[in-house]
Amino acid sequence: MNPDANLAIILPEIVVAVFGTIVMLYDCFVPNSRKTTAAVSIFGLLLAAIALFWLWLFAGQSVPVSAWNGMIVTDSLRLSFSISFLIITAVTILVSAVWVEREDVPAGEYYSLLLFATVGMLLMASGNDLVIIFLGLETLSLSTYVMAGLRKTDLRSNEAAMKYFILGSFASAFLLYGMALVYGATGSTNISEIAIKVANANFPALLLIGGAMMLVGFGFKIACVPFHIWTPDVYEGAPTPITGFMAAGPKAAAFASFMRVFVLGFPLINGVQVSAFLHDSWITALSIMAILTMTFGNVAAIVQNNVKRMLAYSSIAHAGYAMVGFVAAGMAKTADKREEIIAAVAFYMLAYAITNLGAFAIVTLIAEKNDRRTEFDDYNGIGFRSPLLSFSLSIFMLSLLGLPLTAGFISKVLVFQPAFEAGSPLLVFLVVVAVVNTAISAYYYLRLIVVMFFRERVTEWENPKIPYSLATVLVFAVLGVFYLGIFSDGVIRLFKSSPSAFQLRVSEPSVQPSIDMTKAER
Amino acid sequence: MEPTLASYLALSGILFTIGAVGVIFKRNAIGMFMCIELMLNAVNITFVGFSRFYNDATGQLFVFMVMSVAAAEAAIGLGIIIAFFRNRISVDVDDASILKN
Amino acid sequence: MITTLLFFLFAGFAIACAGLMVYHKNPLYSAISLIGVFIALACIYMLLAAPFIAAVQVLVYAGAIMVLVIFVIMLLNLEEDKPLTRLRHLYLIGSILGLVLLAQTLFIFYAVKKSPQSAQEQADAGLTLNIGRAMFTEYLLPVEIAGVLLLMAIVGAMVLSRRLKETRLDIAQKEKRR
Amino acid sequence: MKENLLTILILLPVVGAIALLGHHLFWKRESHLKWISLGFVSLEFLVSLLLLSDAKPSANGFYFEKNLRWIEAIGANYHIGVDGLSLWLVLLTTFIMPITIVSTWHAIEKRHAAFYVFLLLLESAMIGTFVSLDLLLFYLFFEASLVPMFFLIGVWGSDNRIYSAVKFFIYTALGSLLMLAAILALYFIHADATGIRTFDYVTILNSMRLGNLVLTAQTGALLFWAFAIAFSIKVPLFPVHTWLPDAHTDAPTAGSVILAAILLKMGTYGLMRFNFMLFPEASREYAYVFIILALIGITYGALVAMVQPDMKRLVAYSSVAHMGFVVLGMFSFTEQGMQGALYQMLNHGVSTGALFLLVGFIYERRHTRLISEFGGLANVMPVYATIFVITAMSSIGLPFLNGFVGEFLIMLGMWQSAAVAHPWITTMIAGTGVIFAAVYLLWMIQRVFFGKVTNPENEKLLDLNWREVGLIAPLVFLMVFMGVYPSPFLNRSKEAVVSIQQRVIGGEKGGAIADFIKSEEVISQLENR
Amino acid sequence: MEEIVKTLFPLIVYFTAIFLAFNGVLIIVAYTVLAERKILGWIQGRIGPNRVGPWGLLQPFADLLKFIFKEDIAPDKSTKFVYFLAPLVALICALMPIVVYPFGPPIKTIDWSFLPYGLGEGIRQLPLVIADFDVALLYVLSVTSVGVYGIALAGWASNSKYSLMGGLRSSAQMISYELAMGASVLGVVMMAGSLSLTKIIEAQTRYPTRWFIIPQFIGFIVFLIAAFAETNRVPFDLPEAETELVAGFHTEYSALKFALFFMAEYVNMFTVSVMCSTLFLGGWYVPGLSRIFEYGSIPYAIVSHIAFLLKIFFFLFLYIWVRGTLPRFRFDQLMSFGWKFLLPVAIGNLVFTTIMVYLGIF
C-alpha cells in the first residue's frame, strides 16, 4: 500500500505545527521574550495563510484534490473554514498579548498550544477520514482544556478547565463510539467511501446508531442544546481571550467536520431506503436541536448578569443559527447548491468569529487582572468615558444581533436564504424560529449598549490604556465587521470558488504529487 | 457457540454503558476520568471486533490512535485535576460550583 | 469451545470489574478495578487475533495511564466519595442514559446477530507486521498527527504542572482561605 | 455626476461624520463640531437641490438611477434612484437636517461629537432608505436608521429615555424582521418563477407586470401583511403606535424633529412604494382594514392628545392623528387622495417638525413641558406666541396654510374612493378629526399663551433670539408657500403617484405596452450579465 | 470425548510447562539470593551464610520456612484488600514474562502423530519456548510495566509515610526508566524486524557479528542501566533506601507477604537478565556450535541452554557486583539522569540505528 504522500496538500498544517514547535523551543532558549514569541507565531500563521491561498489557487491543478489515500482533501469546505481558523488564531494571539503580560502566563507554551490547537482545527476541516477528524478534534480539545485552565491560581479557571475536560472527553467518547459503529457498518473510515457505502452498508442499523452517537459528540463540541451544559460555566471561568477563542475557533472547527461527516458522508441517495431513512433522521434531529439551541440560547442569555456568560449563551444561540444553514446544506438537492450553502455557513462562522473576537478583546481589556470586571454593572456608563472601546463593543453587539451594514446581517441572510429557498416546510419553520429568536436577542445585546451609554457610572472609572496589539485587533475587527457587512461579495465568491472534491471522485489517482515519497520507500 | 461479532459488540456496549453511567454517578474528577477511559476502551473493543470481522487493519490503527489520545488525555487531565486540587483541596465535582448562578 | 469459554471468562471479568469500578467509592479501588478491566480487555483482544493491540493495551493503559492515575490518587491522598446530596437528579439522568445505552446495545446485538454477514476466515490483519506496514504506508499521516498530539500534550502537561511565581494577590487569597 | 448624485448624497454625511470624529480625536475643540456638521448638512442640502434640475428618467422611470452589483452571491444590487415620490422626501430630509443642527446649538450639553456623528449617520441612512431600489438595500438602510436614533434617544433623551429607546428599537426591529422574511420569500418566489435571483425591486416589479411572476392570493396577502406590519409600526398606525409618544417625549428636540419629520415617513413611503406596487391585489383587498385603523388613529390620536398634560406628548399624539390622515389618503386609491397623502407627509414634516422645535425652545428655557406650568406666555414672548400660533394653524389645516391643501386633497380623494363601500362616512369621520385637531391645539394655545402670566417663573422668559427665529423662519415660510402655491410640488410627484395609483387599482394593464418594452430590455440586461 | 480431550490436552501441556518453568525459575532465584549474600560477603571480606547445609546451600529453604512460620501482621489502618493484593501482583508480574522466553533451540523429535485424535498431527519439533508470541517483546515490556502496581499499591495500602514515599518514588522511577528501556530495545527490534523473541534470536544467528551487542552497544548499556532501575536495584534502590525510608514500600510487610516481594525482586532480576541476554547476547545461541553438533539435536540444545544460563548468571552476577560496589543516587539525580541523559541517549541510538538500517549498514 502506498502512503500517497503529498506534503503540499497539508502545507498549512505543517507550517503551523512547525511554528508551534519553533515558538516552544525559542521560549526555552530565550525565556521571557513574550513579544517575540507572539510575533513569530503570527508570522507562522501568515505563512500558513499564504500556503493556504497557494492551495486555493492550485488545488486541482498542481496540488491534487485529495491525497494521503483520500484522508486529506482540498475542497471549499476545508479552504474556507481554514482561512477563518488562521484569522481566529492570529487575532487571539493579538488579544492575548495584553493578557499574557498581565497574568504572567508562560508565553512560549501558551502560544505554541494555541498553534497546536490551530493545527487541530485545520485538520478537522481538511480531514476526510474519521481518523484525521478524531485526531484533529483531540489535538484541538486537549490544548483548549489546558488553555482554559491556564490561570492556575484562579479557582474559576481551574474549575472551567476541569468541567471542560470531563465533559469534553465524555463527548469525545460518544463521538468515538459513533465513529466505531460507522466504521463497522461500512467497513471504512474514509468519508467519501462511507458516502458511497451508505447505500449498501453491511449493517445499516449500526449506521443509524453511529450517526446518532456522532451527533451527540459533535453536538457537545458545537455546544448545541441539549449538549450545551458545559458552555456557560466554561466560558465564564476560562481566561477571557481563551473564551473568545473557544467561542470562535473550536466551534467553527467542529462545524466543519460535523458538516463534512453528515452532509457529505450521509447524503441522500435516491431510491435507497437506508440512505433516505438515515438522512431523514439526522435532518430531523438536527432541526429540533437547532430550534432548541436558538431558543434556549437566547432566552437564557436574557437573564445573565455576567458579560462573558451572556456571550456564552449568545454563542450557543449562534450555533443554532448556523445549524439552520447546516440543515439546509443537508437538504440541498444538487452538489452546487450544497457547496454554496457550505460556503455560506463558513462565511457565517467567519463573521461570527471576527465579531466575537472583537467583543472578547474589549472584555479582556476591561476585565483587568484575574477577570475581575466582567459583570454588566462593571460596564455602567463607560460609554463616553472610553468611547473607542464602547463604540466598538456596540458595533460588535449590533453585528451579533444581525443589524444591517454589519457582518452579522449578511451572514444571517446568507444562511437563512438557502434554507428558505429549499422550500421545505421544516426549513421555513426553522427560519421563522431563527428570525423570532433574532428579535429576542435584540434585548440582551442592546442591554449592554444601554448599560454602557445610557446609564451613569457611580463608581470611579479609569479609561484603560489600549495597547497597540489590542488596537490592531479592534481596528481589524471593526473594519472586518463592516467589510463583511458591505463588501461581502468578494469573500463569498472566494469561498465558493475552490474546487469541490466531491464532484471529482476522491479515489481518483492524485495528479502530479509534488513531493513523491513513494520513491523513498524501498 | 463461538463468540461472534455480536457478542463482542454487546460486551463493548455494556462496558460503554457502565462507563457513561459512571461518569454521571461518580462525584470525583478522577473517578469520572477513569469512567471516560473505560468508555474509550469499550469503543476500542468495537473497533477491534470489526477489524477482525473485516480482517482490516484500519480498526486496529484507529485503536492505536485512541490509545495515544488517551495517554495525552491522561497527562493533561491529571494535570488539570492536580491544579484544581492545589487550589481547592478537593476533587469533588460538587465543590466546583462557583460558576453557577 | 475454548475460545467461547475464555471469552465469557474475560468478558465476565471485564464487566464485573467495570461494575466494581463504578460501585467503589474509594478512588483507589476503582482504579484497581479499572486495571482489571484493561487486562481482561487485553485478553479479549488476543481472542480477536489482535496481539499487537493487546500488548499495547496493557503497556499504555495499564502500564502508563493507570500508573499515572494511581500516582495522582496517592499524591493527593484522596478520600472516599461523599454520597450524593445536592445533585440527586443526576441519578435520574444517569439511569435514563444507562437504560438508553443498554437498549442501544441490545439493538446493536440483535441487528448484528441477524445480519447474514460472516467474519473473514483469514485473521492476519492484527499481526505486528501488518499493523506496522499499515502504520507507515496507508496511515502514515495519522501516525504523524498523533506525534504532534503527543508533543502538544507534553507542552500542555508541562504548563499545567509548572509552578509559577505566585503573585501577591494569590498569596493574599490563600491567606484568606486559611 | 448625474448618476452619482444620489451616492454622493448618501455618502456625504458619512464623510462628514468621519471628519467630525477625526476633528474630535485630534483637536478636541467642541465648539467647532456644530459648525462642521452644519457645513456638511448645508452642503448636502445644496447638493440635493440639484435633484430638482431637469433630468431624463431612465428606462425604469427613475431619475439619477445607478445600478451596481453588490453581493452577487445572493443577487443583491446597489440600485438607487428617485422618482416623484421619493424626491420630495429626500429634499425634506436634507432640508430639515440643517434646521435640526441649528436647533441643537445650545441644547446639547454633553458628548457633542457623538451627537453630531449620529445625526449625520442618521441622515445618510434616511436618504438611503428613500432612494434604495433594491429590497435588501432598502432593508439595510431602513434598519440602519434605527441605531443612531436609538443612541440619540438613549443618551441625550430625558428621564425615561432608556425605556423609550429600547421600546423604540424593539418595536421597529421586530417589524422589520418580519419584512426581511417577506423580502426573502419574495426573492425565492421570484427566483422560482423566473430563474433570476435578485432582490432588485424594479426587476421583481417588472416580472410581476409581465406576468412572469404571479402571486397567489394567499401568498400575496401574506407578503403584503409582512411588509405592511413593518411599515405600520413605523408610521405608526393605531394599535402599534405606543412606542411613538414615549420616543418623542424622551428624545431630545433634534431627535423628535427628525423622528416626526422624516423617520415616520419611511413607513408611509414604504407602504406606497412597496405594498401598493408589489401587491396591488392584496392592497385593494385589505384597504378597508387600513382605512379603519387610520380613522381610529385620527380620532384616538386627537382625543388622547386633548388630555395630555405634556406639550411634547400632545404633539406626539397629534402626529399619530396626522399620520392617520396620510394613511387614509393613500388607501383611498384615488389620484387626489394619494397626492394629498404625499403632500400631507411633507406638511407633517414641516409643521410637526416646527411644533417640536417650538416646544424645544420653551423646554430649553424652563426645563419643563407641562402645560400647567405655563400661561399667558403671549405677554412675555410675543414673537414665540405668534409663530406658535401660525404653526398650530398649519397643523390644524387652516386655509392658506399647507395643512389645508393636504387634508383637503385627502378628503376629496376619500370622498370619491372606491376602496370602501361608503366613502362619505369615512370622510365625515376624518373631518371630525380635523375638528378635534383644532380643539386640542387651540385649547393648548389658550392655556399656554393667553390669559395672565400665572407662574412667576415665566415672567422673566426671554423671547426668541435671532438664531431661533432664523431657524423657524424657513419652516414658516414653507408653511405659507405650500399653502398658497402647491402645484410645483404636486406636479413633480404627479407622474409617480399616478403610476402607483394605476398599479394599485389595476388600471395599468391596458396601457402597459411601453412598460412591456422597457421591462423586456431590463430582463435581457439582467440575463446578459 | 474427543472434544474434551482436544480442549484439555493443550491446556495440560501448557500448564505443565508453565509449572516446570516457574519452579525452575524460583529455584534459580532462591540460589541467586544465596549467591548474592555469599558474593557480597566475599566482596566485603566476610564469609556469608555457611551454617545451613554445606556452604550454606540450604539457607534459602531455611529462610522460606522462617517466613512461612512468622506471624502475619497487617497494619491497623491499612487497606486490607490492597495490602494483600500488592505482593501477589508484584510476584505474578515478575513471573509472567518467563513464558515467552525461548530457552533453547527447537529440538527435532519423533513424529508424534501416533497420539489419538490427531493431537500430535504434524509435530516433529519441540520448540523450547512455552508460548511463541508474535509480540513477545511488547508483552514482556507491558507485563513489567504492570509490575509497578505491586510496589505502588503496597506503599499506599500500608498507610505509612515511609511506605507511601517508597511507593511514589518507585512508581515515578519505573515510569521514567521504562521509556529509556523501551527506546533502547527498539534498536534491536528494528534490526531484527520483529517483536517476537524467537525471531530476534534467529536474526542474531544470521547477523554477521552474531550478537546484537556489537552494533547495539549503546542500546545495550542503556538497557542495562534502565534494567537496574526497573528492578529497583542498587544504585537505583531508592524506593527501599534503608537510611531514608526504613525499608521503603515493604516497611510494613512481614512474613510470607514480605517473602513474595523479596522473590518478586529477584525474579525480576532474573527476567531482566534473560531479556538482556536474549536481545543482545543472542539468547541461547552460541556462534559456531552448529559445526560441532547438528542443529536441532539434543546435545546442541543442551549446550545452548547451558550457554543461555551462563549468560543469565553473568548478568545476575553483575547485579550483585554492582550492589557491592556502587553508592546510591539521590532522587533528583536519579530522575534527571533518566530523563536528561538516558532517554536522549536511547533516542539518539534509535535515530542512529534507523539511519544505519536505512543505509543498509546494519
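Order of writing sets the labels: A, B, C, D and E. Residues in every chain begin at 1.
As a working rule, contacts are C-beta pairs under 8 Å (C-beta built on N, C-alpha and C of every residue); 3 or more make two chains touch, one makes a residue touch a chain.
These numbers were taken from a predicted model, which means no experiment stands behind them.
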Contact clusters after notional removal of chain C: A, B, D | E
{"item": "Both-way neighbours, i.e. chains that touch chain D and touch chain A", "value": "none"}
{"item": "Central chain of the complex, centres being mean CA coordinates", "value": "A"}
{"item": "Chain located farthest away, centre of chain B as origin (C-alpha)", "value": "D"}
{"item": "Relative to chain C, chain with the most remote C-alpha centre", "value": "D"}
{"item": "Chain centre separation in whole Å, for chain E relative to chain A (CA means)", "value": "52"}
{"item": "Rounded Å distance between chain B and chain D, as computed from the means of their C-alpha atoms", "value": "65"}
{"item": "Mean-CA-position distance for chain B and chain A (Å)", "value": "25"}
{"item": "Between chain E and chain B, distance of the C-alpha-averaged centres to the nearest whole Å", "value": "32"}
{"item": "Multi-partner residues of chain B (each touching 2 or more other chains)", "value": "9, 16, 19-20, 33, 49, 53-54, 56, 58, 61, 65, 69, 72-73, 76, 79-81, 83"}
{"item": "Interface hub residues of chain E, defined as touching at least two other chains", "value": "none"}
{"item": "Where chain A touches two or more other chains at once, by residue number", "value": "131, 135, 138, 142, 145-146, 149, 152-153, 181"}
{"item": "Listing of all chain pairs that touch each other, if any do", "value": "A-B, A-C, A-D, B-C, C-E"}
{"item": "Chain E to chain C touching residues, read off their complex", "value": "3, 7, 11, 79, 81-82, 85, 133-135, 138-139, 141-146, 148-149, 152-153, 155-156, 164, 167-168, 171-172, 174-175, 178, 194-196"}
{"item": "Chain D residues touching chain A - in the complex, by the definition given at the top", "value": "69-74, 110-111, 114, 136, 139-144, 146-147, 150-151, 154-155, 161-162, 165-166, 169-170, 173-174, 177-178, 180-181, 184-185, 187-188, 191-192"}
{"item": "Touch list for chain B against partner chain C, complex", "value": "1-22, 24-28, 30-31, 33-35, 37-38, 41, 44-45, 48-49, 51-58, 60-61, 63-65, 67-76, 78-83, 85, 91-92, 94"}
{"item": "Interface residues, chain C side, partner chain B - complex", "value": "3-4, 7-8, 11, 14-15, 18-19, 21-22, 27, 30-31, 34, 37-38, 41, 44-45, 47-50, 52-53, 56-57, 60-61, 64-65, 68-69, 72-73, 75-76, 78, 81-82, 84-87, 90-91, 93-95, 97-98, 101-102, 104-106, 108-110, 112-113, 117, 119-120, 122-126, 130-131, 134-135, 138-139, 142, 146, 149-150, 152-154, 156-157, 160-161"}
{"item": "Of chain C, residues touching chain A in the complex", "value": "104, 107-108, 111-112, 115, 117, 133-134, 136-142, 145-146, 148-149, 151-153, 155-160, 162, 164-167, 169-170, 173"}
